[in-house]
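Take a look at the structures listed below.
Next, two complexes with chain A in common: one pairs it with chain B, the other with chain C.
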Partner chain A sequence: MSKSDVVVIGNGFAGLMSALVSADQGKKVTLLSYGAGTFPLNSGVIDVLGYDDSGKAVANPAQAVSAVADEHPYKKIGTQALEESVKFFQDVVAAEGFPYVGSLNEQQWLVTGVGTLKPSCLVPESMQGSKCFEASEIVLVGIKGLKDYYVDMVAENLAKELGNDKKYTVVTVDPHYQGARDLTTKDVASWMDTEAGYADFVSQVKGNAGAGKVILVPQILGLKGNVVYKKIVAELGCPVVETTAMPPSVNGLRLRDVLLSALKKKGITVIENAKAEEAVIEGSKAVAVKAGGEVRLQTYNADKFIVATGGFYSGGITMRDFGEAKEVVFGLPVECDCVEERWVNKQLFSDKKQTFAKTGVRVDATLRGVNESGNVVLENVYVAGRNLSGYDFCFEHSGNGVALASAYKAAKA
Partner chain B sequence: MELEERARDSADNCIACTSCIAVCPVTKANPDYRGPKLVGPAHNRMHFSDESDYEDSLKLCSNCKNCDITCPNGVSVATLNMLERAKYYKAHPEKHTQADQMLSHNFQMADMLKSIPFGRTCANIGMSIGEAMGMMGAMGIAPQRKSPRFATKYFRELYKEIKQPEGLTKEVLFFPGCFIDVNDPEVGVAFVKVMNANGYKVLMDDRFKCCGSPLVVGGYLDEARSHADNNVAIINEYAAKNIPVIACCTSCSLMLKAEYTELFAQEEMAQAAKNVYDAFEFLTILAEKGELKKVHVSSDKKFIYHAPCHLRAQGMGMPAVDLLKEIGVNIDSADAGCCGMSGSYGFHKENYETSMKIGSELFDKINASGAHKVVCDCGTCREQIKHGTNAKTTHPIQVLAKAYEQ
Partner chain C sequence: MVKDKATVVVVGGGATGVGILRDLSMRGIDALLIEKLDMVNGASSRYHGLLHSGARYAVRDQEAAKECIEENTILRRIGKSCVEAISGMFVQVEGDDPDFVDPWVKGCAESGIKTRELSKEEAWSLEPNLSRKLVRAFEVPDGAIDGFRMSWQNVQSAARYGGRYKTYTELIKINVESGAVKSITVRDNVTKEEYDIECEILVNAAGPWAGKVAQMAGLDCSVSPSKGTLIAFNQRISNRVVNRLRKPSNGDIFVPHGSITILGTSSITIPDPEDTSTSWDEVEELMKTGEGVFEHLRDYRILRVFAGSRPLYVPKGADGGRNASRGFVTLDHEKEDGLKGMMTICGGKFTTYRLMAEKFCDVLAPKLGNTAKCRTAEEDLVPAVSEADKKAARQYFPSYGVNLAATRLGTEKFPEVVKTLKENPETREVLCECENVTMAEVMRIAQEPTSHSVADVRRRTRLGMGTCQGNYCAIRSAAIANKLFKNKLEGCGDSLSDMKNFLQARWKGITPVMAGKTLREAEMTRGMYEVLFNVNGGRR
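Our next item is the complex of A and B:
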């Protein structure tokens, strides 16, 4: 394998964005992938900051980001890199024909798969839940046999959120499914990608469409970008909104496909099933990463490395013995408040962050790992995404936002 | 000696995240398949008390390994499926069909035909007549397909006729695998040419048996184990003499490098694996050491490459494409996922529709590419591509051998 300018380790949102921004800088990029990242699991929306430290809903993400605590990754990334990263992302997906709406100055609202509302920052056109606000009637579409989607519950919860002055109508579409297994949103989305499936669906819903209404569907509008969305909105003549969903997440997969397509156009080499196992260090620099292979590791040389291995959740950071947290590839310094009494907040949905979730690599404003005295450990190794310390993405709804902004900054450095 | 870490224990690393179901080509094509995580890992963990209690859709897994490639937690999902399948057939040997028996034991048929005068010619004529009369379907073989014909001379015979240059000091042992040996021996001939040009003498060892991949997917695990023990002993014998073992078939190399150890967890298998290389993996190592014969291709004939899933699972990228690009070949990867054949899977009559559905994305890309040939390391992928597209196919080692000739 010939030498690259940049080796990105990690196949999630932070990894793919790191690779794209690096390639945009004219760099020769190799991406080492292991597993599919979180794309099949998350909704493929970009939450920047949904809730502040006290658990209060954030109305203006840009403002709230500038007020985060010093330990928070956003503080190190800075608002300028965040703003540029959002523009970069929106340009990439728009160029792939899959535009995302939203800005840092306001929240978008998603309707979840259980009918509650959730803030996000950048969402695909098909998931703009705010379209429900103005409607006089919400037509909720259920799918016969669909796993994990209870349309009556969605209707009941949504009425609590949006008020009873709207009309809520439930329609159940029969996909005439013959298979032996439970139906997933991905199965229904595949069916919608076929001409016959699309026509069948439209014929069962069309009678309920009309002015002043919104059609609310689970995440089923095809697997290929926004092709089905555009077609069905034009055909039904009223807004159509997708909810978030249980895995496999159709929109996460759409986003992944779109980004991989952009990667291919940029000539980025993706090595599949290549788990980064160890680094070759010379002095204060990394010169190579050894990865993959059932039998023998392949060596990937580069001038620069970006570690987007996903923290605890994806094995980028491990802790075999309590208190001994370890970044697995480069041995970068991990910081955590490893005191047993504080480690876990047993009130899962309370107004406090989880200590374990804030565990991550200690970095400086350049996103390079630093030791306790604040000195850079490896001068050409940068950290992106869930590996970073100081935030709890579940609590504050900032996962893909931190991933995007840190990827951008790390790649630009 | 039994290894401490066994593939079947990796089921406990499954967090049921559904990533494997999201990418499984069979799940996408066939709504009867419950998906990888619900077949191998879940079943393995449930430890059903009743031996006959097995998931029906277990037989639908093609062992293509896309679940393993997608798993974020290193679970050997496909191998768990195969272990569960083997348990099922152990409890229900009567469930094995004639097609299972035939497609898993092609090596026996090949050996038998070789021992009969004109056996292969007759068998090929027999296949043509059988296909024309629609008899394949009755045997459980997809009647739409043309079965690969037996070469009039197998590679093991052709090899004896090849005059390798005198004085080559370095040696490699070739593991031809069944398809190259009996169906497509020209790939082996090209391999010998390439290795000779790089200063290596190619050895053969007639004690090698089929790698066992078709036996594993057919549920004949005990037989596969005996093949593994046989092959591993030979590989280790050559390892002691510092002679590497090289395969041109990526399913064979995956079996020798990874699956033996995953399935049977024996120390000597892990040891043998270290001495096994895919052909282009080996050539790339030579190139990195500056020892690969230099050549430049000036033709701008366009090729399209299909990466076999069993190569992708090996976690080393696409060494054949990288190397061919490096010498100037106009080649691009189709990146269209699984071809749907997965060894013998697509030859089963009941899998034909699923197999062709899975392959459709690849077929479309090939048809739209305007490439004059499809390059692919796997023999049965090439069969599927020929069937689904009418495109001409070749093994990358043949492209390189041709470049050396010019």
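Our next item is the complex of A and C:
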């Protein structure tokens, strides 16, 4: 029976970052992994705070973060931890050869997979949509047979966002795919990783490249970091920009691979397919979690635990019946305002936050779960990422920002 | 301005209206149906989709029971591509009144409904999810029927006999001259144009809206809209219709359809038929009752909850709600109120829609000097798609989807779609994996003159009605279909707003059941459309 200094539960962005920061502190870390977190879903960009409570775009995330409501995780994390976490993240990905662009003092603008613009804070070099602002012509590249990327729709909406004084040209690239099933961005990215595929693609796009232009493509510039991106920008001589994408997002997978590589270098033990089922508690401390596959549970002992199992989507928080919300591993106290009139906005794309989305573990400034009187429940269990209560990451565009900063703070504690 | 004329104008595109359109057209009478929204948007799609055996009515209303079993038999024959020819069960569980069984068995026998008692073991082996508190079980010939498809197939059948239809065409005025209806004024709800249609007879088949239509002619017709709330689950919980064997009550019936199950229903008298809202209390009541039949009901994912209003006819002084008759009435306003050229049909139920139309048209046709006999029970709603066409189709899309597409598209459009699939391989993309809808099919339906939004395409193709509730197909269908609509519905002018409206309509059914696994889906929907696609737009 092994014992670690820290056991991190969950291998989404919050889990991987918790493990990395913990290891950086010289701790012996075990990461229990199950599934792939939301990497395939979130395009691997670090949104810190895109919109404020009234739905207005945030120009300066650092400033806006200091003004959030008391219930918000950022309030508990504090701006210092946020700033340090951003630096930590940028150092990690840069060291892995996959640098992210941006700072807490301004927004990067992404072009989405439907042609709208989206604010984010840190983005990979290949997704700097802001480059479209100065261009006189946007060359929109569609891929024949690619599912979930409709270049006409992207052109229609992008022209609305950027105005009609720019020229919008649509080019369709034929990947000469002969198979019978639908193509995903991942398939096309793999094709771009091959020399022949890359050359084929470039030959079909090259005629449209040139000064003053931006080449806008779906997330297809290879699966391996920024290798294809660097090559193609040099070859075409003008900016190339990737959009966000329907799952499975290629850039989400790139970021995951890069972080897993960093984890490996730090000597972090990753246990695959280990779904944490229950915790062993002694007094006010957790001593172990039991996790495993379908047949037998293994016991993982540690001095400290970081819960990064996610929210409703990832299954870290569940609510089988109305009002009965649970944190599934430790049974930490969950904040849930389950009143029919407030629980769900009648409008899906609403101008205010969704109450149900704020459901999560109630924590104090140390990011440990607290009961209704504010007393810490388990003194060595910390919470990071979407497990936390008090924010609506979809409304605010703050998901990976909260994940990063809370992971950093939880790991440092 | 008079822009159109027809001998008979039928108001209302639900089961009643389409049944009458088909019946009149087959008798050789020139008929035009108008519907204020898309076809089948009211109670004819907002219900269980149960093809009654009649057993539910066997104790209290044997006339209705007899009509149901006769029509059930006819629809199984003429509606092969909209009826799922399964059977049904009536189950009694602990706590249900044991004395209800004998009169029920007797009532079924007297109404001509075959029942067979199953041992508990047999019932469990046929339907393993049934409660362990089962006491008795009987097999009956219930079935499932797709309300959207049935109604469209009636319209298509009518069209072969010259019947016409206009969707998004709303009646706004009835023009009466010297005691007779001369024409109606309608508004095109897509283009907003208003114009007149001349007619000899106006048929009010507006279901729960029939009272409002009658009012336009200054008449009183007591329709009591009664709201029924239903829950759709994301899998087949049983392979048969399962009814509770007791005095008819709320939440008694489970109907499996394709890959889902529908549980219903409540019965609440409401003032406004437009009210299709639902609440936690209604959901909880249905769940509680439903658990009596399937103990693990709460572990299934709820897809959505929806409601429709039944058009219960209430003779003056009588009760509404559960006690009101499910029978129907034909009102000849010439006889009743001295207004020539207007008739109303009121009440009734989906299973007997054809019989209602037959009896109604038997009164209407002679007024026009037409003595033709009703032939609607003799001919299939739509001819079956040929095996050769299906075989050709199997080369281009998943064979499971071939039968589904064939029944949705029918003999004319199916070969067209197969041709597109053959000639243009890109259109083989499956836009809706849940219901197996290809890009080619979406493109074909988008080009119909009745398609003005993705939601219209949904009702024809079932796109977005399956287990993902539009998460994946919303972007795909909006991108492909929106540019093909000739006239677009207000608020659906571009692909982005059309997509948002489509998802919003799905959301309406999800909000009252935002718990359990539904929360997970909701977080994914928002993650995709708000975070990834930022559909509310960028630099606001």
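Throughout what follows, the second predicted complex is superposed on the first by the 412 of 413 C-alpha atoms of A that agree within 3 Å, B and C clash if a C-alpha of one lies under 4 Å from a C-alpha of the other, contacts with A are read in each partner's own complex, and residues count from 1 in each chain.
Throughout what follows, a contact is a pair of C-beta atoms (placed from the backbone, for glycine too) under 8 Å apart; a residue touches a chain by one contact, two chains touch by 3 or more.
This is a predicted model, so every value here is computed, not measured.
Three-chain overlay on chain A, with chain B and chain C fitting side by side and no clash. By the document's definition of touching, neither partner reaches A:Ala94: not chain B, not chain C. In the overlay built on the shared chain, the residue A:Glu161 is in contact with chain C alone; chain B does not reach it. Residue contacts after overlaying the shared chain place A:Gly292 against chain B, while chain C stays out of touching range. Ranking chain B and chain C by residues of chain A touched puts C first. Touch criterion met: A:Lys346 reaches chain C, while chain B stays clear of it.
By the touch criterion defined above, A:Ala365 reaches neither chain B nor chain C. Of the two partner chains, chain B and chain C are each touched by A:Leu41. Of the two partner chains, chain B is the only one that A:Leu253 touches; chain C does not reach it. Of the two partner chains placed by superposition, only chain C is touched by A:Lys56; chain B is not.
When the two structures are aligned on the shared chain, A:Gly315 is found in touch with chain B and with chain C.
Rounded to the nearest 10, the angle made at the CA centre of chain A by the CA centres of chain B and chain C in the overlaid structures is 80 degrees. Across the superposed structures, the minimum distance from chain B to chain C, using CA atoms, reads 5 Å. Applying the stated touch rule to the two superposed structures, the overlap between the chain B and chain C interfaces on chain A comprises residues 41, 247, 315. Those residues of chain A that touch chain B in the complex are listed here as 1-2, 34-37, 40-41, 177-181, 184, 186-187, 190, 247-248, 253, 264, 269, 271-275, 291-296, 298, 310, 314-315.
By the touch rule above, chain B contacts chain A in their complex via residues 17-19, 21-23, 28, 30-35, 38, 56-57, 68-74, 254, 257-258, 261, 273-274, 276, 284, 288, 312-317, 322, 326, 335. On chain A, the positions that touch chain C within their shared complex are 38, 41-43, 47, 50-51, 55-57, 109, 112-114, 116-119, 144-145, 147-148, 150, 152-153, 156-157, 161, 182, 244-247, 249, 311-313, 315, 318-322, 340, 343-344, 346-349, 354, 356-357, 393-395, 397, 399.
Partner chain A is touched in their complex by these residues of chain C: 279-280, 298-299, 425-426, 429-430, 472, 475-476, 478-480, 483, 494-496, 499-500, 503-504, 507-508, 511, 514-516, 519-520, 522-540.
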